[in-house]
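Two complexes come next, and they have one chain in common, chain A, joined by chain B in the first and chain C in the second.
So, the complex of A and B:
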């Protein structure tokens, strides 16, 4: 019995020491910077998105969305989300100017009123269109928005991956931490576990069906978010990815919201 | 009625050109109104249906846009309308986007009242909130500048405000006679407006000018007491708008300063709204948003229902799949002891259908106050929208 306890103690001590030996904030940040750098130069992108919302009983409903993104230089990316269905939100558009350090600037266009409305961006943790994606999940991911900790190497779906912890800097984030699986060859994210503020596993996001564009930029065609606490699920099916379409920064100013259709 | 009907007809013909890329969508709405306190001889209920067709077609860098409203009402002829709310041709010219034809535009920041929103006339008889507008027959130009967005407007024909029938609701109970104007060209007098809007950090700012016919008429009872006479004054005004967007708090300001020339001479006026909106995100461990709204309205024009209203409201957004939300607003004029309560709840039924319930209650201590004259106009409405 004594021997068994001693063996267990040695095993635990060695596991703790192994983690301590390899966990590295510097390496975590280097991986995030490398992943960000590999996507630099895409210029702008457009995609058609079908959002499928499923409740815990498997009943589903669909939304049609268009997404346009403009790559930021000094500041973060600018993105425009346009709703095509359901009918009551048709023509509604959401514009976000992502900031590296400050809160993002966000506007909403309400087509019935022809009104462009500035909205507070602190609702990061709130659900986007009633889905399992929050506003911060769909926002542009900037290196400065997290601190990092490289945890370990691990195989996922046959791919050698880095496993890195992302800790949101903003206290208004709905997450205490995110565990990110990123493949070593191309630095593509394959899976994220989201932990809520009480450090309980909240959601898991998986990225599937990656395609490469312009011989450089990888984009996933299927994102699946599962909420472990509610049993609900949301899928984003991407189609018709286009990069470097020639859009300008002017297409992402608030006045452009009125002419998204 | 379609004003500038020839240009609207041309827009319809161009929209029908199937050789060019475009889109056509429609909304069919059916509405039931109930008036629990209706006076004798006035309607106890109302039934109406509205078809909205919106469409666009692209021609190279130009675009044709149409938004047509066809509304029928069983009893209230004031609500019946065929309207080209939007019917315009947009094309780039000399660095501007230039628009020819009927347009709908929104200026303002506040929630309860938008005193700077001067471009469109209100389709008040629709009793459908801020979206009930008549298209402004106009030539307008917009340009994005480094300092902000510039809009220039020339509105070449005036639209009169719509009123419900005297036995319908809301109504003072007296029929509205034909309008009179301060300007000698009446409806044909031209209006001019311009606006520059911008943002810097947490602040969104705008300034505007307007020269033209006032949108709200001054209403007076005829000498025999059997009619309300609408009189449209000449208005020269400047408008200011500001919004501060904090983490959870929005601060809003809107003001209109100017002169109104009418039969009783020229009078300076100020109309302003100051407001705060505070939002609790995810209270009680839910995904709801609860917004608390507080606004103060001031308006010293004779058209205003009162000099000052205090407005308080709550907006509850459930952030669910059905986009369910509830809005409660109350406006109180303490000086003449009158108030107005508005309640709205809406949700999606399926991808093609949504439902909205609204109720409106007018309270007044004296029958002669603005809301006193609307004391039999308390209403419950249910509106079903079908999208195709």
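So, the complex of A and C:
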């Protein structure tokens, strides 16, 4: 009897201590840095994306875009999104330069106006093309944009994962926190739960169909974002991933936007 | 018949312990259903699943962001709504409103996305931040934008700066019944927080507070009307019976009737709404009449020198049939509410019908058993009235022709007043001025914006067609047409957004405040705009996800539903004739605008069925076709006359109008049943002439009729105090019908009997000659 009670006490105490030891900001940040580090050196990438928007009642609509990314060094990545459909926005190109600390720089080339407009706004949490993704969801994830807290280990789809909380630094973020599931073997993100500013679960993003490129870099072919509050859903289907294609930083300058095809 | 009844009374008393335990068990089982009762606080419950306006509305709700909202209207108290301290309150409220449970979007002056252009830079930002340290230029910008920007002026902000607001869009998960109460409580807490810190008053409106008003009105009614009802019953019962013990016994019949009815309602899964929450008050009213009849007869018999037990058995024998008949007809009247287009009336009808039948069982089973346990003393009750009733009978009988003539003249003239009634279902006015929602919403409609929102979904016919300049031009035309309407306070339209973007992207040149020239340009502007918006402020409240349609939301000032329907019809025909859009307007206001019409149509059949069934019951009970047909007149007339009087005295009536006829019929028919059964006994058993039988009936049931009407009218007078207009209209109309029915049953009915039931079958009856007429 005494032994049983003692065992129980030890079990509870150790459980409490383990939890305390595990929930760690340092470890969370280390994981984020490691994940960032493992993707270093991809140089540039391109992909074709089909965006499928669905509402709660099954109505859906599609958009086609192309993405080009140039890996940043001192600052964040630069990315270019070219719109192919719907037809009335064909040729529109969106360029963003991710900053580690400040608001990102954003430009849009409007072919109908034949002009490049800079979007001067600290907003980044609005919907991207009416989808459930916001710009902040698809912009490059710089380590400096969050504070971290490692929460626990957990299995997800048979993979051993870290579960890490990401807290956005920017007050303009639409989120209070994000819970990220990342596998321990390859540091690939498999799932993110987004909590809105009132800390209610807003969206869940899942990454599916990972492929490895150049024997090193993992890219997902299917991203599914579900909005739990509105029941709407957006799928991003990626095709034709290419890395280290030889693009130069000049292709990602504002002045290059007009020439972009 | 009498043999059977007396043996029933004896049987009940013989097995009283067994019966008592049985009835207690059944009551308890029914009572456990009460745990399933909940408050259904969604205004949409008033619309049946097949309601076309509801279906159209839900279709729109699936296409665009829902319009459920909390409107925090900011009352500057002193000064103007554009003063820095008020703007500071708005800023803080905007920030904390994101914390409101289930909120998905917040709109106000402070987070309005102001766009400016500097060279090739498109600047998109909050209209202002840090209100207390704004420069004169910044203040001037706020003053200008808040009164000129179409998205704000007349909706979010008053052009005369009398009020401003923070509007939170709420997406209810719809999983728990208490979601509305949770949001409302949180919103009130936020309002109190802001009021404590800033010199402003917050008025709370919007769909959430409309729903919450239904909830609070039901709860308030249950908390105030039910106790008031009991007080009245105790007083009336005591005045009539002059016995504390007998009064207590009446209570013991009434309370379990309500428990059984509400418990059964719980088992049936009904939700409490203001109409169904009024069921306890109505059941109490109806239940008490049964036991009073039984007790009054018993006391009268006891005063004539009979023992309590014999008097009880006698009372059961003579009252058994009428109490059953009146309960049955009342239940049928209430059951007719199932034909209504509004489900809350089904619940009210069904629960009340169960309560009425339960009250019948408790009066005829429980009450005699309870009486058998306690000695009761008979005191002088209302015996002296019987003589006066007899005299009234003689008076009416001797002047039946004049009574008939007067009845016809009065009835025809009162009936001609019915068209004076105007049906009006202004849902804000369903709540009386004591309800906070009504006060706040009245303030909002006087100082900020209308509460009637009408949604028009305009379809371009193809994906991304909303950027077609031809389509935008049509939307713009409709917007301009609506803005020119004197009753319109605000129009939210995507065409304004396109024009604003066109101007801003052309260096703010006012000449470019027009529809973009090409579809590509419009689409690319919109894409640019969407990319610049902050969290929550997407365009799904105006565009569907495939950008093939847009909704224009028109806000209209306070008006009656007739005017509203006329306006909607004009808007729809403008859209069809001028712009070739064939669509129907939707929205809560539109649904309520048609609710009475639909209910009247559905209840026409319901009332007809009730008339047929109730008349059928009377026919079977009286076994006399002629009496049955004669009874129709005093039974149908009161509700119709009540509408006539209402037209003269009040003139405005809401959807209660539809259900009143069936319900009133079931209740008023009691008087004529009592009168006719006494009349028939006098004719058949005593072989009296129609003239003398009328006088006999007056003596026999005159007092009971007056007493019953008194109790019922008192009950409905209390329900008329309901804070919910549909209940109070329903109760007042029924109350008026009750009084008219009493008058009709004491004038028109006897006159008709004497006129039409003359010399009936007299030659066949051999014994008739032996009967000497009572009056010399």
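Rule of thumb we're sticking to: the second predicted complex is superposed on the first by the 240 of 261 C-alpha atoms of A that agree within 3 Å, B and C clash if a C-alpha of one lies under 4 Å from a C-alpha of the other, contacts with A are read in each partner's own complex, and residues count from 1 in each chain.
The working rule: a residue touches a chain if its C-beta (ideal position, glycine included) is under 8 Å from a C-beta of that chain, and two chains touch if they have at least 3 such contacts.
The model shown is predicted, which means the values in this text are computed figures rather than measured ones.
Novice: Given the superposition on chain A, are chain B and chain C in a clash or a fit?
Specialist: Clash - chain B and chain C, as placed by superposing on chain A, overlap.
Novice: I'd like to know which partner A:53 touches here: chain B for first, chain C for second, both or neither.
Specialist: Both partners.
Novice: Give one of first, second, both or neither to describe whether A:130 is in contact with chain B, with chain C, with both, or with none.
Specialist: Both: A:130 reaches chain B and chain C.
Novice: Looking at A:86 after the superposition, I want to know if it touches chain B, chain C, both of them or none. Which is it: first, second, both, neither?
Specialist: Both partners, chain B and chain C.
Novice: A:261 in the overlay: touching chain B, chain C, both, or neither? Say first, second, both or neither.
Specialist: First partner only.
Novice: Between chain B (first) and chain C (second), which, if any, makes contact with A:250: first, second, both or neither?
Specialist: Once the two structures are laid over each other on A, A:250 reaches chain B alone.
Novice: Which of the two partners, first being chain B and second being chain C, lies in contact with A:114: first, second, both, or neither?
Specialist: first
Novice: Identify the partner contact of A:105: answer first if only chain B is touched, second if only chain C is, both if each is, neither if none is.
Specialist: first
Novice: Of chain B and chain C, which one touches more residues of chain A?
Specialist: Of the two chains, more chain A residues are contacted by C.
Novice: Return first, second, both or neither, reflecting whether A:122 touches chain B, chain C, both chains, or no partner chain.
Specialist: both
Novice: Have a look at 437-445, 509-517 or 563-571 and say which bit of chain C overlaps chain B after the superposition.
Specialist: In the superposed model, chain C runs into chain B at 509-517.
Novice: Find the residues of chain A that appear in the contact set with chain B and again in the contact set with chain C.
Specialist: Touching chain B in the first complex and chain C in the second, residues 53, 55, 61, 86-89, 112-113, 115-116, 118-123, 125-127, 130, 172 of chain A appear in both lists.
Novice: For the complex, which residues does chain A have touching chain C?
Specialist: Those in contact with chain C are residues 53-57, 59-61, 83, 86-89, 92, 94, 106, 108, 110-113, 115-123, 125-130, 134-135, 172-174, 196-198, 200, 229-230, 232.
Novice: Mind listing the chain A positions that touch chain B in their complex?
Specialist: 53, 55, 61-62, 85-90, 103, 105, 112-116, 118-123, 125-127, 130, 172, 250, 253-255, 261
Novice: So in the complex, the part of chain B that touches chain A is made up of which residues?
Specialist: 23, 25, 27, 56, 104-106, 108, 130-131, 142, 144, 149, 199, 204, 243, 245-250, 279, 281-282, 287, 289, 319-323, 348, 350-352, 354, 385-388
Novice: Okay, in this complex, where on chain C does chain A touch?
Specialist: Checking each residue of chain C against chain A gives 62-63, 65, 98-104, 113, 118, 120-125, 171, 173, 463-464, 467, 505, 518-525, 527-528, 530-540, 543-547.
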